[in-house]
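Next come two complexes, and both contain chain A; in the first it sits with chain B, in the second with chain C.
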Partner chain A sequence: MKAPDISADRLHIRDLAPGLSNLLWLGGLVALVAGLLLATASGTETFLRAYLTGFMFTLSLALGALFFVLLQHATRAGWSVVVRRIAEYFTCGFGILAVLSLPIIIAMVLQPDILGIRAAIHDIFPWTSELIVWGDNTAAHPGDEILQGKSGFLSTPFFVLRMVAYFGIWLWLSHFFLSRSLQQDQSGDPQLSLQMQTRSYPGMILFALSLSFVAIDLLMSLDPHWFSTIFGVYYFGGSALGFFSLLAVTMFWLQSNGRMSQAITVEHYHDVGKLAFAFIVFWAYIAFSQYMLIWYGNLPEETAWLTVRQSPTWAPVSLLLLFGHFVIPFLALISRVPKRGRYGLVAAALWILVMHLCDMIWLVFPHVNHGGDHAIASFGVLDVIQIVLCTLGILGLYLGRVVRASAQGSLLPERDPRLPESLAFHNF
Partner chain B sequence: MATIPAEATEPAGTREGILRGMLVEFDTPGQLIAAANRVREAGYKRFDAHSPFPIHGIDEAVGIRMTILPWIVMAGGMFGLLNGLFLQWYTNAVDAESLSLIPTFLQGYNYLVSGKPYFSLPANIPVIFELTILLSAIAAVIGMLVLNNLPLFYNPVFNVARFRKVTDDKFFLVVDARDSKFDARATDELLSGLGGTAVEPILEYPSPSALPRPFLTLGVIVTLVALIPPALIWKAWVSKSSKPRIHIIQDMDNQAKFKDQRASVLFADGRSMRPPVPGTVARGDLQHDDHFFRGIVGEAWSTTFPLHKLPVDDALLDRGQQRFGVYCAPCHGLTGDGQGLVNQRAIELGGAWVPPANLHEAQYRERALGHLFNTISNGIRSMPQYGDAIPPADRWAIVAYVRALQRSQFATIDDVPAAERAQMPSAARPAEATEE
Partner chain C sequence: MAVTVGEYDNTFETPGKRAPLVVGDHDFASVTEAVCNVNERPMREMPLIWYVLFGIAVALTGVLFGSIGYLFLTGVGVWGVKNPAGWGFAIINFVFWVGIGHAGTLISAILFLFRQTWRTAINRFAEAMTIFAVICALIFPGIHVGRVWVVYWMLPLPNQMAMWPQFRSPLLWDVFAVNTYFTVSLLFWYVGLIPDLATLRDRASGFRKWAYGLFALGWTGAARHWHRYERAYLILAALSTPLVLSVHSVVSFDFAVSQVPGWHTTIFPPYFVAGAIFSGFAMVLTLAIPTRALFNMKDIITLRHIENMNKIILLTGTLVGYAYAMEFFIAWYGQNPNEKFIFIARAFGPYAWAYWTMISCNVIFPQLFWFKAIRTNIAITFVISLLVNVGMWFERYVIVITSLSQDFLPSSWDYYWPTTLDWLTFIGSFGLFFTLFLLFIRFLPMIAIAEIKGVMPQARAGHDQADGGH
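This part shows the complex of A and B:
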């Protein structure tokens, strides 16, 4: 098998980038503003939950991209060099994501008593409320012994400190790998590959810890009584799967726009499809492990979390995840044929991205009303619209940044020593 | 046809070989791919390429079609999945009465595990999952072997001495004589025109096909020996014996000692358990204090606690509360109102049931302490006796706690010290509520 000739390929999107990124930014801002306006109808709490959903969805894609880059360096992967730069560009969004995390953090720190923000934050993150945690010696607010025990970790100053640390780690890692990779485009120095490989190992450890803890901080602490030691891995499985889907869609979009026409072959689609398939199973495995241990153990503080998700309001979404996030994509991608057919893979990838968003909704929205009665909070059309607006807003701003960043260089690491291997890559 | 080095030739002159195929040798993988393409285009189907390492593109050149192995694996996996599901359903979830036609040892058995349903998917999935994986893997291995005609103990291609280089630095194309297009002369011409370094026929020499006699004898002996254990099991199965079963794992089941309620030949009365010697009391068994042990003072039920044995203080009440929770609350309820979980369940199930007493009824509030003590010790109606299970001091502690419970249900505001009334929530202060 001869390597494809890429001399005629267009390996950049400098012509598309400015217009596209402006469009994405504008669209993102419009969606967010529309979401804010809708908040007057849907309520502050719904808006904040929808915003958190969109944020965690977009963050998971960026984290998945960072994982992909680290993994390729750590394993000295040959096949993936052609598509690695795309992933590197997708890690460029941590700056804007840090900015987008500020509304949550500021609301949490200041807890301003305007527009119902204070009450909403207390409902979403009960551990931020002094009254809920420590009480005031009345029957209505007896305090919460469990949260008092967790108050060392779940305290606002420490929370802010951790968020700073996470984004510091991600910004540093993404900057390091992209800048070295771009540097290699100029110098062609193979030492850079070795340097990136060496750094990828501690990078992977930092990545694993930061991802697990951000999942605990922003998702698990929504129900601070509940705990699941596998939760970080659960979020990781969804993140990796989400990114592999995004990668397949991006490869398809680039080729549809006449970029990398020869460089990306059906073999690369096949491998991205295989990774996506593996992580469909991985996600389901982790999700089921989490579910079964809680089900078997039958401890009240653990089952409460699932009881809410098995209530009539949320059971349909739980079943949607079981079939839509696992069974359907599993059967769709199990064969070699759809993974090698671009349309089949991209259709599956888009479906998975939607399901991944449903997974985030499933993690953020279901909760028991904190207004005294213990009814399960309802979920309606307004919530869905709010989620779509917030997700499109945050995703648009993030993608705008990614597109802008990708204008600074080539779409593939042109002088990576393993590029010829990747171009000639062939699945047996 | 290229010349064959002398040392590589089989003794073709001494024995007549049958032509099984033809091979051609190359120095580079590129030549091998080109040759494979030519042979395939010439219409051959049964030919194979041999190389020291995997070569990109050789599959297409030889014309290897997609394997059906994935379908075999999938079938194996599905079989494992359904098998796991059926196994767990049949062994644990089927009501034995519906299987009366099936022998007992083949029936399932409803076994309750930590209150879960007999058949529940979350618990079944690990077994289903493992069986799916196991049978997928077995199907993959066996399917691979069958599809490759393995195990194959003999291949005539190894009669060609130069073929040994295939694990080193030579590349071979082998055309099978069973191919419909195979023709000794035409194939020879085609292969010679491929630019290989050598073309050679693959000959199979006649060899004795009969099984050697020692193998036959050994086989018969091993087969007969292997039949002995099943024959013994079958014999045990169909025959009856008055002897006890063979006790392989002893677990200290048989010991040289007497057990309770067994006969003994040693003692004249034939009992292995010895009654106490008349006129003696075992150490610690002298319960002469009627007040403490039986709740009786004089001829009547005691109305006081046996203070000479135990003080009535917070420690006793705490102990009483804890013991009450263990022994009494299941039926009488934590507050003593007779609505314990056992009672609730019994009423739910229906049928005859003597409900436990509500300890707050007047007759129990007025009942003498010693009488309550006696009821705990000896039971009443359907309540069993607890004298054997609860030591006397703990029984008195329970009595004290029952008194505390009874008082708690009929407390007035006067029972609360004046200094602490202010701290009570308003809902608990009916007197003040009416004032408002």
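This part shows the complex of A and C:
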């Protein structure tokens, strides 16, 4: 089993990057502007929810990439060196994601009383409303004791502080690992591998805490009465799965464009497919644990969150997740044939990405109308278009940044000491 | 090619080169010799300490069965369980032993799928330990049912009374989950043993040849045998992998499906699994460290293996710490007064001594493994592995006892005191565990001889270095 000869491989996308990133940025901006224009028809709240959906979807992919990089260093992995740089480039988007988080943060903190933003943000994150939390001593606004109890954590200043901390952690980690890895392309110094390995362990702890709490802050607190200890793990499962799918698609796209033709072998697809398969099951395991325990315990404070998702409006989406996010991809990827046949894996990966977006919609959109009538808010074509536009917008801007970043160096950690092992490795 | 202990520290690894997993001047023959020696030496050459431990273990096994006999003749009232704590030692011990029984299958199945070749030195006796731990675990719910003569009602057997088990009860799910786990673990262990049993058969004569031969299933080492063996091993690994997660998840459902504060929380399944692996690896270390010294296996179960297990203990201990912290945070965040009460009561109430024992053994001491000097220090590792065992037992104690003894009705609150018989039964279960384990190391190869050869440099003679690593 000899290592493939990669001397003829094209290991960069410098020729494609400028045009492609401009195209992605332009497309992203157009989609976001179109979404904004559509907001006049769909309403501000729908736009903000769609924006949050697209943001959490894109953020999860970047976080999944960061997890992959940390994991490879922490485990001294050999097989993955060939594809690790791709993941490192995908962690370059935290800067633009920080910028893209500003509309949400500004809306929450300043609550400008224009275009219905204030009312919308109070509907989306009820804990940001003074009136809902503390009331004004009238029968209409008695205040909310539970939210008062949580106000030490669910308060806008502390929320902003946390967001700054999360992005600080992510920017620092992603910059550290990419810059050392690129440095190794020049020097080939094995010490850099050891340095990255040492840093990956505390990095993993910071990653786990920041991911859990960003999920609590931006997704769980949408229904501020509801709580679930597993929620951070749930978002993590989807993030990792989303990234493995994105990685498979990216590997395929690069090879279709004549890059890394020999370096990436069928064995790498197979391993990425295995990881995706494992996380399909992991996600389902976590989702089942959360659902089953709440259903069985049957405490109203917890089931309210699921009752909305089992209402006629949302039950189809819940079932779509059960089958589309678990059963179908599970059956599709259980055999080694599709994992080693690139088309099968990429088709499954694209499907999973769409399902992962549906999962984000399922987390963000279902809610009870706050008109006092407790009707489940409806969901229609306009909402879907708004979600698609916002997601394409944020994803486009993020990918534009990733493509631009990837022009700065090779697609392969060319002098990583474990590269020969990765090139030659075989599943058996 | 071979390296010697003392000259070479295989806990260090230069990126790009994989450290050797077998040290010393070993070749295939000397590995076989080293492992089989324990099984083949005359009984009188077994170390004295083996006899001493075996004597103690058998005596404690007697205590276990004596206690059970007394329990059957008298009734569950001889235990400390009463209102409000209707669950006591039996459930704690059950969860404790099932947890211990998680390392073996994780090592054999999940580390196999992850191509972690260092597992080959420890998988055999970790799997054996798993099976013995699950046997100990299964005893406790079995004897806790009260009317033990109808214990078979837990199985869905057709009968004239048309009585069926309550399928909505997680205790019934336990029956299925643990039994499935036991069956698959046993099969997996046995399949892995076949080539080594054949090795022992080929070296033996007389009755031993016949006995090993019976279980070696006519293994000749033909290419066709190896091919089927490896397919079977891979398939069993894939089947066992979900079982590693499912068993302790189902055990956690026993608590989490209820509405008892401190029990009803959604993170329980993965948190229990992490805790189980944590305690399982601690027990593997507790057993491996004396065994490798006693039978001179230090070249095969090297310092690197010890260090790797310490890293897994650090990882899973930190995951358990995450779960404790998240539970505490959400108990406050959820603003449910009962939930808040029980968590504060755990930390500062009447059982605070148990809670802080748990926290220090599970969260604080394993954090010492951040330091390589401690990870590679055998004596400290041994002490920490014992502490983790203690801590994980107390974790179940804290969960079961604190939530039950301070229930929703303050007038019924009562402090839980285990009886002498509770203690005797618990200690006796260690006797059974060690009896089985000591018999195992005497009569079966404690290292997977065939597998360890596959990770030695000789197995890849003539191949590129770059080819290695898996």
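By our rule, the second predicted complex is superposed on the first by the 428 of 428 C-alpha atoms of A that agree within 3 Å, B and C clash if a C-alpha of one lies under 4 Å from a C-alpha of the other, contacts with A are read in each partner's own complex, and residues count from 1 in each chain.
The rule is simple: a residue touches a chain if its C-beta (ideal position, glycine included) is under 8 Å from a C-beta of that chain, and two chains touch if they have at least 3 such contacts.
What you are looking at is a predicted structure, and each value in this text was computed from that prediction instead of being measured.
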Sharing chain A, do chain B and chain C clash or fit in the superposition?
clash
Check the residue A:V281 against both partner chains and state whether it touches chain B (first), chain C (second), both, or neither.
second
Touching A:S228, do we find chain B (first), chain C (second), both, or neither?
second
Looking at the overlay, does A:P190 come into contact with chain B only (first), chain C only (second), both, or neither?
second
Considering only the touch criterion stated at the top, classify A:F379 as touching first (chain B), second (chain C), both, or neither.
neither
By residue count, which of the two partners contacts chain A more extensively, chain B or chain C?
C
Just to be sure I read the superposition right, which of the two partners does A:S212 touch: chain B = first, chain C = second, or both, or neither?
second
In the overlay, answer first, second, both or neither for which of chain B and chain C A:A139 touches.
first
Does the superposition put A:L299 against chain B (first), chain C (second), both, or neither?
second
Candidates 147-155, 201-209 or 381-389 of chain B: the single one with C-alpha clashes against chain C:
147-155
Touching both chain C and chain B, counted on chain A across the two superposed complexes:
1, 292, 296, 298, 424
Interface residues, chain A side, partner chain C - complex:
1-3, 76, 78-79, 145-146, 149-150, 153, 190, 193-194, 201, 205, 208-209, 212, 216, 227-233, 274, 281, 285-286, 289-290, 292-294, 296-299, 301, 416-418, 420-421, 423-425
For the complex, give me every residue of chain C touching chain A.
13-18, 113, 115, 242, 245, 249, 253, 256-259, 264-270, 318, 322-323, 326-327, 330, 333-336, 370, 463-470
Of chain A, residues touching chain B in the complex
1, 138-139, 288, 291-292, 295-296, 298, 335-336, 424, 426, 428
Touching chain A in the complex, chain B uses residues 54, 56-57, 59, 66, 70, 114-116, 122-123, 125-126, 425, 427
